[in-house]
Amino acid sequence: METNDQQQESFKEKVKHFFQGDWKRKLHRIIYEADTPLGKLFDVILLILILLSVLFVMLESVRTIDERFHQVLYIGEWVITIFFTFEYIARIITIKKPSKYIFSFYGIIDFLSTIPLYLSFILVGSNYLLTVRALRLLRVFRILKVTRYVGESNKLVKALRDSRPKIFIFLFAVLIISIIAGTLMYLIEGEASGFKSIPASVYWCIVTLTTVGFGDIAPVTPMGQFIAAIIMIMGYGIIAVPTGIVSAEYAKSMEKKNQDDPSYVHVNTHACWSCGALKHRDDADYCHRCGEMLDPEDEF
Amino acid sequence: METNDQQQESFKEKVKHFFQGDWKRKLHRIIYEADTPLGKLFDVILLILILLSVLFVMLESVRTIDERFHQVLYIGEWVITIFFTFEYIARIITIKKPSKYIFSFYGIIDFLSTIPLYLSFILVGSNYLLTVRALRLLRVFRILKVTRYVGESNKLVKALRDSRPKIFIFLFAVLIISIIAGTLMYLIEGEASGFKSIPASVYWCIVTLTTVGFGDIAPVTPMGQFIAAIIMIMGYGIIAVPTGIVSAEYAKSMEKKNQDDPSYVHVNTHACWSCGALKHRDDADYCHRCGEMLDPEDEF
Amino acid sequence: METNDQQQESFKEKVKHFFQGDWKRKLHRIIYEADTPLGKLFDVILLILILLSVLFVMLESVRTIDERFHQVLYIGEWVITIFFTFEYIARIITIKKPSKYIFSFYGIIDFLSTIPLYLSFILVGSNYLLTVRALRLLRVFRILKVTRYVGESNKLVKALRDSRPKIFIFLFAVLIISIIAGTLMYLIEGEASGFKSIPASVYWCIVTLTTVGFGDIAPVTPMGQFIAAIIMIMGYGIIAVPTGIVSAEYAKSMEKKNQDDPSYVHVNTHACWSCGALKHRDDADYCHRCGEMLDPEDEF
Amino acid sequence: METNDQQQESFKEKVKHFFQGDWKRKLHRIIYEADTPLGKLFDVILLILILLSVLFVMLESVRTIDERFHQVLYIGEWVITIFFTFEYIARIITIKKPSKYIFSFYGIIDFLSTIPLYLSFILVGSNYLLTVRALRLLRVFRILKVTRYVGESNKLVKALRDSRPKIFIFLFAVLIISIIAGTLMYLIEGEASGFKSIPASVYWCIVTLTTVGFGDIAPVTPMGQFIAAIIMIMGYGIIAVPTGIVSAEYAKSMEKKNQDDPSYVHVNTHACWSCGALKHRDDADYCHRCGEMLDPEDEF
């Protein structure tokens, strides 16, 4: 609770302090930006609260812990949720075009991570949906050297986007293989060994192709095991495909930069006849060292 | 059923409408091509029907669902199968060389995805084979920007084909390792811990090498666990091989494009008879070094 | 048995036929080489016999099958073993330096794949070691377009050899991690949940790091599951390393060829002023098309 | 015990022999360096002792073995620990700045791998922590052709460091996905099938995403299995990312060498004041186009 309390403190002060002068702009700078020390502080506190609240929700689901600390967790959740509610409202009133924030990616996440607890009055168990707050952690990138990470993640996203059609084909193949192999297994194994229905077999097929292999369902008939072996080796080969694609695409996206880097030109092995300087540009007519005209006949 | 009905409607209309004028050509264009709006519509309906029928077959295998909706599913299957039957016949009569279609990849799939239900009168359970219809989903590529996807899949296929000999060697290694390690495990573990026979042990070995690891069979003796550990680490190393191959091959297939970079031309091994300069372009008539005409007879 | 019998036939004939004239050289050519039709036939028969014998041994270990076909399998094994024995002797007497064959890779395999059955009189169960015959299947490469496959496998082997030091470091890391993490899990989980001893925990660690995950041993305490999660994610990252290494090394080994391909030279975008021909070599002084001297000033 | 005894011998002799003349420097050379034969010998003995002690600790945890050989193992551990204690002290007294060693990576490891046994008087079971000695095995690199391996491992480390931000983003994604998917599974599956709490579900999610798949917890409801399938396929795609990254980074780190290809030089953005030609070499004094001297003041 300790940390939690001090959060509230800092929160109260901030609130008090803002409601004088052009508080809207001030508030906006603090809530939306991480450049001012106060803004940074705010984001850090926010992250801590998010982590705490996610932790609370997770712990609450553990019976033994819930029995002991139910009160603490319950209050904690509410305190944080109320804070988030105020924050959400603040975000809306301190921005010019509220609609723009409300329907933005973060806006929707913020809303979704505030509402469930209120819903829990009507819908039992919906408070667990608070873990969607984990998504709010994405704000962490605002505090880290954003550019760098964002740059990287963009590279990743690009690599993934470039290989989308391939991935699509790949998933399509996995699906078709799973359906057909699943049916086969269903017919061979029968209900005895967990292949209770075709959907269940398809589920097993995906578990196997992805090399997860829970073992909750497993073939017992020699024939079934034989087919399973084939499926596995197939999955083994298949796993190579997306990896290969991504790494190739990713490598390409990296090479791009080096390749058309304009600050590199090809140089040949001509030697200037007056100063002997080497490494002239292919299109050089004069020595870059002594200014003497280069001998066009001069071959190496 | 709703969607299913309207399919039939549109189907009936189409049929009615075609039997005037040169209906064969019309029908052909609609069934075989996806360029005309009607052709596109037809393919879309086809895909929906395929998905539906696969879904029906899968659901029918789930007892709880089958008990409730047996009638619906049964009728649904038949309606779609009859539609497919008509479609199959239509494909045959509207094409010049029926044999060419019948023995084509799609022709065979279409046949296989129609016959099982009729067989189910004779062979019980064979109706489940209807899931082979999933293969018909490959038609989806006809509606999507085919070229692009086909292009990609060709690249993939090419990458896989290029690395076939390696993959072959690789599978060969896996097989031999599995057989020998399997026997070893059988001798060490004995029947107690699920290694009932060498084939079973080999199956376990494949399950382990592919990192699937169901756990339905698992070593219990320290010695067995030791060998298992070695097998796993081997499998771990082995998994690197196909992935490495595919990604390398795939990367190469991408670079290919770069290679026929216009600023590189192929040079031959002609030697200029006057100055002996080498590496002339294939289409060179004069020596790039001395300007002497190259001997056109001089072929190697 | 049928195939098996005819093998013997062809074998007997061969034998009869050889014992006239310089039979040693003849025999040598047939046994050691796969160029002559007879040599090829011999190798093909050999492969079939190897496959058969491996199959026999495997089936014999399946109780249900063994009970029914014990006689058949037993005789089959002996027939093939005797054939292999004769072959082994033949290989020794038809080669100049027997020692050279005996201690060669294949020589040892051939011996190991012949002896177990004889040992089975003394050592019960040793006949199962006959599956080592699987190694003899490597001879298949003699019949296939060897060069090509050997070439490929050499490339693979080279890639693996080049990345040996890395792989070594990698395995070393895996081992140390496993030992320490294993001890930790043993202390945390205790005997209750299968972590009976440190070696067992280390075994579990390897099972987990390699993402095999049998599940015969699995953490039950929250703390144990937490550490397990960390181990898994580590294993997840670790799996990337050998794959990355191999694919990079392999890619390099492929690029090698393309890179220093001497039949490609860089061409520039000069245009001959008399004939306008393009794509001249960087060091070209005369147009390769019309022999006109190229303007050294001519810049693009 | 035999080997163990002789270790002590050689140890005693060494000790005796050193305490005459400038023994500190001698000792230092032997303990810290592996160049002198004696130094090498010392390191080899050290490694053997480390392996032995780790082995002892592991075996001691196996009840059956411990019951039989408790005495042996117990004494063995103590003998080795005492040797390590002396070694540790020796390392401190023979180095100029002891603090430098004590707080170095190896210094801490050496301390941690000596203390646990002494602690075991106070803390029961802490002696198992002796397995931390496994870390001491890293000294092996001192005996192997260090440079080479260190070089390799540096390359690896570099590749990993370069891809740190990506890996971070990647782990971040895995974590968030696990939390949200875990909650979902908890709500869908309920306590029945092992999803006892959200943390447990998150643990399951990580087990699944990493394709380990113990199967100790597994979904049973169709809905749960459906979501699980999606998670697996996601994990399947995700596994491609770190592998792709590492291999790409690694490949780059290898290409680096190629990059400082001598036929490429860096060019700056100077503009010749007479002809305005650009892209002059950094060390160019004259314009490669017009031969005019470049303005040395002209810096950007």
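Each chain gets a letter, A, B, C and D, in the order it is written, and its residues are counted from 1.
Keep this in mind: a contact is a pair of C-beta atoms (placed from the backbone, for glycine too) under 8 Å apart; a residue touches a chain by one contact, two chains touch by 3 or more.
Just so it is clear, the model here is predicted, and its values are computed rather than measured.
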Proportion of interface numbers common to chain A and chain D (over half same, under half different): different
Centroid spacing, where centroids are CA-atom means, of chain A and chain B in whole angstrom: 31
Inter-chain centre distance, chain A versus chain D - centres from mean C-alpha coordinates, in Å: 26
Distance between chain centroids, defined by C-alpha means - chain B, chain D (Å): 42
Residues of chain C touching at least two other chains: 62, 199, 202, 211-215, 222, 239, 243-245, 247-248, 251, 266, 268, 283, 285, 299
Overall pattern in which the protein chains touch one another (line/ring/star/complete/other): complete
Footprint of chain B on chain D - complex, ascending: 62, 211-215, 222, 243-244, 247
Touching residues on chain C, where the partner in the complex is chain B: 54, 57-59, 61-63, 125, 128-129, 131-132, 134-135, 137-138, 140, 148-149, 152-153, 155-156, 159-160, 167, 171, 174, 199-200, 202-203, 206-207, 210-216, 239, 242-243, 245-251, 254, 258, 263-269, 279-281, 283-293
List of chain B residues in touch with chain C within their complex: 165-166, 168-170, 172, 175-176, 179-180, 182-183, 186-187, 196-199, 202, 208, 211-215, 218, 220, 222, 225-226, 228-229, 232-233, 235-237, 239-241, 243-245, 247-248, 251-252, 259, 262-269, 279-281, 283-293
